[in-house]
């Protein structure tokens, strides 16, 4: 068990964004995190990597209680993430962005070794031709890949991906899926938030569904997709429900 | 060390060294005074740049470290009778210690709040010194001229001060370069660009910021001792002059924040310009206005400063100008 | 002891109200556009000179002169916004700090040439006022009353008028205000103008109660920082409370220790509050 989430709750004033969420994660797993907009998925990530201290509950990462740790401590223990709304270090080059990830990640590499890792990771995500550009000059799809590259460069045990496919075209999605698979094959455990159903259904070993901060379903992709509770949650959002049902037919 | 082969390092060192040696020819005392001011600005601006340019924290009260070092050094030399070269590190260590104590608290503040706090620290320190009788209270302290005998007379003492400053200035530039090129410096720049994202990537921001703050306080502490020793007099108004702090910000901006060469050029240019304005019939009285207009134009139209602009416009220069 | 304390408290409260007004422009501008106006002090000084020159040269009653100074401050602020602030509104903080400081340098530089740094004094007395055991000058009472009136007017303006509501909408969220069709540049310019107007008026009031030079604004700018942080940066009503606290400190502390300790206390308090309660003593931001 690489991650154990125990009754985690996060409140913002009167709003409970995440409510009593409990689940566990095995090493090597790809876990899909589904849920309508505002369900609390990103907030859950923020609790896991220490951006927010949960209001209640405990988070055990590789046997260590990391509840309330600052993000840098969590990062150094080998938990990396990407941001849904990209946060490039604008005035640094693409390569420097990734070197930061390698320097300050789990392994805490020196500059030289970090640069080597960065070049390798940039190649993997397909940004190597842009490594000397300023990060601010990338387009959104490229910035998403930069997010991913930075996280990967830290050689994490656990990687949290927050909608890395959103806004990409079909070819780009395919490329990204291949990359994610490769990462998983290297033994990195992954939790991914995604709205693109076929992607998450194909890739994940297991799926969790959040709605209004609560865990309403979990299980194998096929089970979850047919779960009436899940379908109902998505019916609030017809487009999503349609997508969900559509994917079943494929 | 391969760093010595990089133009980004030796270019500013060469410029500073050339300027520093100049007054030695012909034993030119008035030129020495001019260059003293220039070197001091270069060193102070470069120190400020480590926090301002690399880390992105706007220190409006950086002069507090200069003043504190100056006071402690002055006290050590004049009241305790220690040698200047012993007093200098005392000033530096005192300033660095203050930064260390304040750092972890003050550096939690961001943006304008941090800038305001640094102003407050400077003013609080000034007000405190005014109340400390052993430091001379509101009127400050004077150096007894007999002290110069220990150094072989006033002229010798002034030259000693000058050379000490030159060495420190070169040292600041080396440190500034090494920081910029190090893993630590990369962490600082990550903090400058997006502190939260940097923390998510594992940069221990509180520690990195405090370290940067301590480094950028240490050198002004050293220099304060030299300056007020040369001056022979220290008083709260001149030691903690907020205006000087802001002038340093202007120098960094002029040359280019976040670059090694920028503060060097910015400081030299600013002091040269000031000298010219002060001696010109036409602008003697309006030098502040001219400086203000210049600052406004730079902030509005070339916010990256001269070196930043050059690096941006001419890619080949990026290897040359750090 | 009490007979010494009471007059100090009254004096402290009277000047405190004026201090509140002194800081109000600074905090208003910060609250609306996140800019710390480092030309605040010099604008205060210009207000002082406005009232002084009108009174000394043309004999305009200082309190009437305040109206003209207010108009001048408004225009100055609007111009300053477009020249020095508009372009750097979305740049990093340093940019607006330095651009407004540049204006500071220009005003102080020109002001020193024109007015020198000699002390001036508005020679206009309203006599003495006595409440029970306490005697103070009429000018101080008048200054406090005017400051309260201006504060009340500002409050009503922001709450009740259309422009005031637009200003608050822009302060809240510039983007969505623009989507609602509020011309944000114009609103911001006017807000900056109002901030400068408040500074100028407060300077005019200060001129009626104490001697000053072109550099005096700097002292009040520093005081404004303290006040603004006490009351919560960006909160105009908080500024009044902050002003009162500062006035009381300045009134009461000298009864117990040397006056020179007052600034030590003030600035230590200032840094402390920034560290432990950056939102000010009075809770959440408006």
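Letters are used for the chains, namely A, B and C, taken in the order the chains are written, and counting of residues starts over at 1 for each.
Rule of thumb we're sticking to: a residue touches a chain if its C-beta (ideal position, glycine included) is under 8 Å from a C-beta of that chain, and two chains touch if they have at least 3 such contacts.
Remember, it's a predicted structure, so these values are computed and weren't measured experimentally.
A linear topology is adopted by the chain contact network, the touching chains following one after another without closure. Taking the mean of each chain's C-alpha atoms as its centre, the chain lying closest to the overall protein C-alpha centroid is B. Distance between chain A and chain B, defined via averaged C-alpha coordinates, is recorded as 44 Å. Spacing of chain B relative to chain C, judged by their CA centroids, is 32 angstrom. Separating the CA-averaged centres of chain A and chain C is a span of 49 Å. On the side of chain C, the complex with chain B involves touching residues 30, 34, 36, 83-84, 87-88, 91-95, 97-99, 101-106, 108-110, 112-113, 222, 225-226, 229, 233, 258, 260-261, 263-264, 266-268, 270-271, 274-275, 278.
Interface residues of chain B, counted against chain C in their complex, comprise 52, 56, 58, 60, 105-106, 108-109, 111-113, 115-117, 119-121, 123-124, 126-128, 130-131, 138, 246, 249-250, 253, 257, 285-293, 295-296, 299-300, 303.
The touching residues of chain B, when paired with chain A in their complex, are 182-183, 186-187, 189-190, 192-194, 196-205, 258. Partner chain B is touched in their complex by these residues of chain A: 49, 51, 70-72, 75-76, 80-81, 83, 87-92, 96, 99-101, 103-106, 108, 110-111, 114, 150, 154.
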